[in-house]
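Have a look at the structure below before the remarks.
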Amino acid sequence: MSAGPRPAPRSGLRDWLLAEAPSSRRQAALGSAYRTWSQLLRNPLAVAGGLIVLGLVLVAAFAPWIAPDTPYGQSLSERLMPPSAEHWMGTDELGRDILSRVIWGARITLMIVVLVAVISAPLGLLVGAVAGYAGGWVDKVLMGITDIFLSMPKLILALAFVAALGPGIENAVIAIAITSWPAYARIARAETLTFAQAEFIQAVRLSGAGHMRIVTRHVIPLCLSSTIIRVTLDMAGIILTAAGLGFLGLGAQPPLPEWGAMISRGRTFILDQWWVATMPGFAIILVSLGFCLLGDGLRDALDPKGRT
Amino acid sequence: MAPDMSAIPQPSTRPARGLRRASRGVAGFVLTTAVTFLGLLAITFFIGRVVPIDPALAVVGDRATQEQYEAARVALGLDRPLFVQFLVYVGDVMTGDLGQSITTNRPVAEDLARVFPATLEMATLGILAGVLIGVPVGVWAAVRQGTWIDQVIRIFALMGYSVPAFWLGLVGLALFYAGLGWVAGPGRIDIFYDGLVEPVTGLLLVDSLIAGDFTVFGNAVSHIVLPATILAFFSLAYIARMTRSFMLDQLGSEHVTTARVKGLPEWKVIWVHAFRPIRVPLVTVIGLSYAQLLEGSVMIETVFSWPGIGNYLTTALLNADMNAVLGATLVVGVVFVAINRLSDVAYRLLDPRAKR
Amino acid sequence: ETPPGVLVVAQNIDDIVAIDPAQAYEFTSGELVTNLYDRLVQYDAEDTTVLAPGLATEWTADEEAKTLTFTLRDGVTFHSGNDFTAADVVGSLSRVIELNLTPAFILTQLGWTPENVGEMVVDNGDGTVTIAWDGDFSSAFVLNVLAARPASIVDMETVMANEVDGDMGNAWLNANAAGTGPFSLQTYRPNELVRLAANEDYFKEGPMLDGIILQHVPESATQQLLLEQGDVDIARNLTPDQIAGLGEGTKVETYPQAAVHFLSFNQKNEELTDPALWEAARYLVDYQGMTDSFLAGQMEIHQAFWPNGFPGSYDETPFTYDPERAQQILDEAGIELPITVELDVINAAPFTDMAQALQASFAEAGINFEILPGTGAQVITKYRERTHEGMLLYWGPDFMDPHSNAKAFAYNSDNSDDAYAATTTWRNAWAVPEEMNQEVRDALAESDPEARLEMYMDLQQQVQEESPIVIMFQASYQVAMDEDVEGYVNGATSDFVFYRLVTKE
Amino acid sequence: MSELLTIRDLRVSFPTHQGRVEVVKGLDLSLGRERLGIVGESGSGKSMTGRAILRLIRPPGRVTAAEMTFDGQDLMALPERRMRALRGARISMILQDPKFSLNPVMTIGRQIAEALDAHERPSRGERRTRVRQMLERVRIADPDRVARMYPHEVSGGMGQRVMIAMMLIPRPALLIADEPTSALDVSVQAEVLELIDELVRDEGMGLILISHDLALVSRFCDRIMVMAGGEVVESCAAADLRHASHPYTRGLIEAVPRMDETRDWLPVLDRAARAGT
Amino acid sequence: MIELRNVAIAYDGHRVVEGASFAVPEGGSFALVGESGSGKSTVLKAIAGLAPEREGTILVDGAPVPPRPTLESARLMQMVFQDPYASLHPRRTVDAALSEPLAIHGLKDRDARVERALRDVGLDRRFRFRYPHQLSGGQRQRVAIARALMLEPRVMLLDEPTSALDVSVQAEILNLLKRLRAERGLTYLMVTHNLPVVGFLCERMAVMQGGRIVEEAPTAALRTGDFATEYARHLHGATGADLMGPDLLEPESVDTAPMETEK
């Protein structure tokens, strides 16, 4: 989406990165990364998303310095105070500063997001791609398993995993991650079906590539964009599901400032003390917005066709 | 000089082979479905036993004596080996007996016949609205990629997915029910009308139409509108986003250019040439969302006092009411598998490339 | 707007498991039983603290022979139209014993067994029934037992007609009702709705309305909206904060409850057995802070096991929040700090809030709670297995006699693992000193009412001073209702919720 | 000779990180109802020229021209709606890669019928016969079966012929054919070209034939344009191709193998000397 | 080297090739020409092990071809697909496409090999890190050929390798193929419709029509038009030895005027 020849300051590094004929694979890779990067930068929404995510990371990293208060400091006399100069987001039912809790909660949220992205997306992609590529009974078996997991209520599955792993927010998130892969698998399979027989895949087969190699190197990259979108889209849902598990005593334990749990506790106050549930809600919306926008941007930037 | 394909002897085995294939397909379908269900039951069953809640306690409560507690365990069959319990259960299910719920003290099948239609009704309306709005909106955003329309749609759709459901539900109630009075409050129907129409399908909207009672129908509509809209918003977000992404891939492809070269009107280029090839992944996406809604949105059901399967399942789970959990899981499972199989069939119908 | 003549109540009714009086033990089912059935004697709507005649008009006790003889009320009919007879009394009571479901223990205390119940409850053939017991109990205690939920009289003819597989009509009674009470059961859809219709022929005053509808509304915010909209007349599960924010046209009634809330330590855990720790814990609870804030209106400070407002209650509250004092006690006892204690708690308001407040205040003395929230069933499972460390829970008496709680908080004659008892003491593995056990037994047998109450007060003081159970609060119950609703009666337990006298307008 | 298409200074550019790069650099062209061949090496901008005429280059690609008129209409200024009416009916283009350019989920018959429907309203029966006829004319055997097939089921040459059929069926006034016969065997090729030629002769269709097959172009076209690196390096009457003076053109000619080939090696262009592939 | 005996191939039970038999000696170069849709590509795919439903015997290097490609078969033979657009992975660079076979076979010295392969097919290094959509059709086809050459196979199955190329590149590729064959003793089985290319590169040819091989002849027949079947003669005639190459190169001999058109 660049407009016209831009008289960009031509630094040596930039030229090197953008060299038309990179002399090494490393230079090409860096150049490609740089192109992706500058493509991202040119997309204002993606930049906004990136900034939000960056903000989340920074807030999480520097929570102790940013937060005006500890997340646990109760003051029963100051409970349920509306937002004010002193408490920007008001206080909760135990008189804790909601802003501080939201800030500290960023750490937990970040962990949730990272764990899920690391566990469930690759798993789902792999299963779906293998099933779609292999077809036949492999497809039947894999999709059977996927269907079993998919049709099992999330909560039940998560409960089982947590029962096996022991309670705690980390395990809860792992459980959620393990339960959310089937959706990715189904989508990946559907996409794979449309190009599993394509000539470029046949060409790789002809080179003697094993199935695993074809799937991981050639099939999966083509399913990536929809997975990225789905994963980033799911972030908010996952944060909220984590809160749901917390209800069973399997997720965040009080007084952990987990956003989902905060919202869930703030529910009873929603009509009169709206800020208790709404403030962490805003945080979740903002973060998931950030991830989604970044996801969209990444999708566009990673798509070589969109790149110039 | 035309090469005459008909001159090539056609393999005479063709029709027979087709038949054999079809029958093998049906058998395979039945087999895989059966195995899927068995797996589903097995996993659910064994999960039910590792959950840190004692089902016998749900029956006898916390004041029971040891003796009563033991009696309840025996009555529930918990004293038998796990495997035997499972076999007994599967045997019962085969004969159509889903057992007795320990939290409602009624046959699970009866409970499900009551709660599932409630969810089905809401989810179906929700997904219908979600698809009818989400798909065109997603296509529109893709066609106008990068314009403000695109951005507005994307952000709006995102909201649907990130806003906690109960928040929307409560705010919706406060606004449209308490504030503006446009819709009826929580519940499926006003107390006045409760029990007026004979349940046939369990779907109030359908039942009231069958009975020809339009007042009840109108009341049921005004109750379902808000929760269904929220569900719709929820699925719409996802559907619109995925549609947009799939469409973007298509719009850049050569065959769309071909369509343009043909001078087709833009709507045809978009809906026939760009949209058709994405129906397969889209069907998956829609199937997934529908199934998700059918699993019952616990939060929405709670906020709207909707006696649906999500709530039923959750309550049962929290009380280790395993018959109810298994029964509900089975129903949800049947729905999922049905939807997935249907979308598999849809693949074959919609995308010739998926034929194998 | 709600229909005239019908009271619509928004309530979370998902706790109901059974509504057969022989099986019902949950809060909401207790309410239903109260409004659908009668007992020989009962605490009634007019005054929930006075034992009043029910299906018996009068009774005489023979303390020596350990019997009570009841004269049955004449001309009472069941909802089915059947006449109420002595056979129903005999049948209903023995039915509970024979079914032996959870609440049966209340009656079996009287020494009744399936074998002997036929001799213990006797139809004298002259419109009287004689009831005997086996054990050192005062007749006052026995009357309280007979006023309890499982002693409700069911229409034996109807019930037995619906018997399936020898269940004595249990399954049928869990979906229907067959009583003499002020209301009959019209519709019961679990987790959805209960519809009661007035019994026009009720033998006491009322009912004033044509019917009652309990609508299942699990979400308290939704209840609030419904009430404010006037679509329900009563909202039963609002939180104090919601109640504080209620608008015009509504009113709030507060009812002291019999349930006491406590914090206890499992004595199977070596670290928690030091009495100094128990004592320090009593100074680490911010009683005032909690009742002034999030517990306001919901709980009052009470530090003994028998609740305030009932004969025999011990109302001294010697402990206040004093972390220094606690610190000092811990130091003197040489307890190594900090320690970490898992605290199991039901994941619902106000328990999690209480737990967090305790967590904050105990941390000041180096006792760190690790809160493990869980569902009721989950917490009870653990409690029953004695695998918890700390427990934040409450206890409501099974029947309105101090023994009900004395047994739970001051009696534990066998602390061994296989001697399960559904008491606070056994479940916390607290081996009660033998003198105290004896005093509980003596109090039960004491026939002089005054002396008996004195003994219970003494027991309460002992438990208050030295036990791993820190009783903190007594619950009270706030019900929000439309201004026009009058005559709603809510006694100290859910067994005492009466809709009979309610009027609208 | 009435001018059908006039182009002056056509430029097509794409943004890159080095700024915009022009892939067509100031092309001039005027075409009557005749057959113009464009030859040139791969990547020289032949296809882009064709696409630019139909305004098919999507952003971020950019097209500028001092003039681009078709039949008196200014193509650059035409609103998109009018442009659509023009496409297919008046100007048509056979895209280079048929299999890639056909809708994968639509039967071939429907795709062809659709091209017809876009500009005419034939009855059902008429549509069927015309599609059938068209497929027969591009020498598809068993047209009914092929009409029911999907693009991935046909061979490369069949795809190409389907594409041709689809673009010819509305009888355009100008056909841009981008390597229309590269996958066809010579006998079919000859017949398909014959068909196109018929249209040029009988209906006065203008033709731009993009190809790298010099022999074909010289045999079939009236005029020839040779492109290299986005520019026209030589333009001459087909008959004069053998007199072509530009070394690049000569190089191309030399490189064609002959039926009675005796050379051991074919002469090739000195690629290093020329940038711009 | 390649031997087909009575091979039949079907798609979904529908036979498209029937009774195909021919043999290519080691180091030989064999052309498959014929009608479009007659099953030429299908035969090639079957030899490569990519056609699922086949009957009859296919031997390569004396051994039957495995039902699906294996590491050994990959080093033995490679195929260049007909459609340059569909045969390159849309998300992988040229470099990735070319190094992939090397990586699969654990070959060293990838950088140099990739660069050499690119040079061999006449692409300079600027193209090495491009994506397929950034290449023109001819450029893609050259990448596809380069990929097939990466493993230095002994048998090359070429499905219209030059039909998308301009003549100068075609010349380069043909030279390259010829040179490689000379240097490495490669065996070619090539599908093409361009008879002069057959003449330049091949010794023998088979003519296919409607799923059958109707004639097999030495390429010398191209000069004389000496074919047994009518179809082959027709094919030869349509190419028109008299119309083609010579008139371009030898202006004097031209007597055919361009076709008449109304102007």
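Residue numbering begins at 1 within each chain, and the chains themselves are lettered A, B, C, D and E in the order written.
Note that in this section contacts are C-beta pairs under 8 Å (C-beta built on N, C-alpha and C of every residue); 3 or more make two chains touch, one makes a residue touch a chain.
Chains and their UniProt names: A, B = Peptide/nickel transport system permease protein; D = Peptide/nickel transport system ATP-binding protein.
Computed from a prediction, not measured in an experiment: that's the story for all the values here.
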Graph distance between chain C and chain D, where chains that touch are linked: 2
Most heavily contacting chain pair (counted by C-beta pairs in contact): D-E
Centre distance in Å when chain A and chain B are each reduced to the mean of their C-alpha atoms: 24
Centre-to-centre distance between chain E and chain C (centres being mean Cα positions), rounded to whole Å: 89
Distance between the centres, which are taken as Cα means, of chain D and chain B, whole angstrom: 50
Whole-Å separation of chain centres (CA-atom averages), chain B against chain E: 51
Interface hub residues of chain E, defined as touching at least two other chains: 35, 37, 83, 85-86, 124, 210, 234
For chain A, residues that touch 2 or more chains besides their own: 1, 20, 194, 197, 248, 267, 270-271, 305
Per-residue overlap in chain D, given as positions that touch at least 2 other chains: 97, 100, 104, 141, 152-153, 187
Sites on chain A touched by chain C in the complex: 72, 74, 76-77, 79-80, 93-95, 167, 246-249, 253-255, 265, 267-273
Contacting residues of chain B [partner chain C, same complex]: 52-54, 57-69, 71, 102-106, 111, 114, 166, 170, 173-174, 177-178, 185-187, 191-192, 194-195, 302-305, 307, 311-312, 315, 318-320
Chain A-facing residues of chain E, complex: 45, 48-50, 68-75, 78-79, 81, 83, 86-93, 95, 100-101, 104-105, 111, 124-126, 128-129, 131, 133-134, 144, 147, 150-151
Chain D partner contacts - residues on chain E that touch it in the complex: 11, 33-37, 39-41, 82-86, 122-124, 135-139, 160, 163-172, 174-175, 178, 193-197, 199-200, 210, 222-223, 234-235, 238-239, 241, 243-251, 254, 256-263
Interfacial residue positions of chain A with respect to chain E in the complex: 20-25, 28, 31-32, 198-210, 213, 217-218, 221-222, 303-305, 307
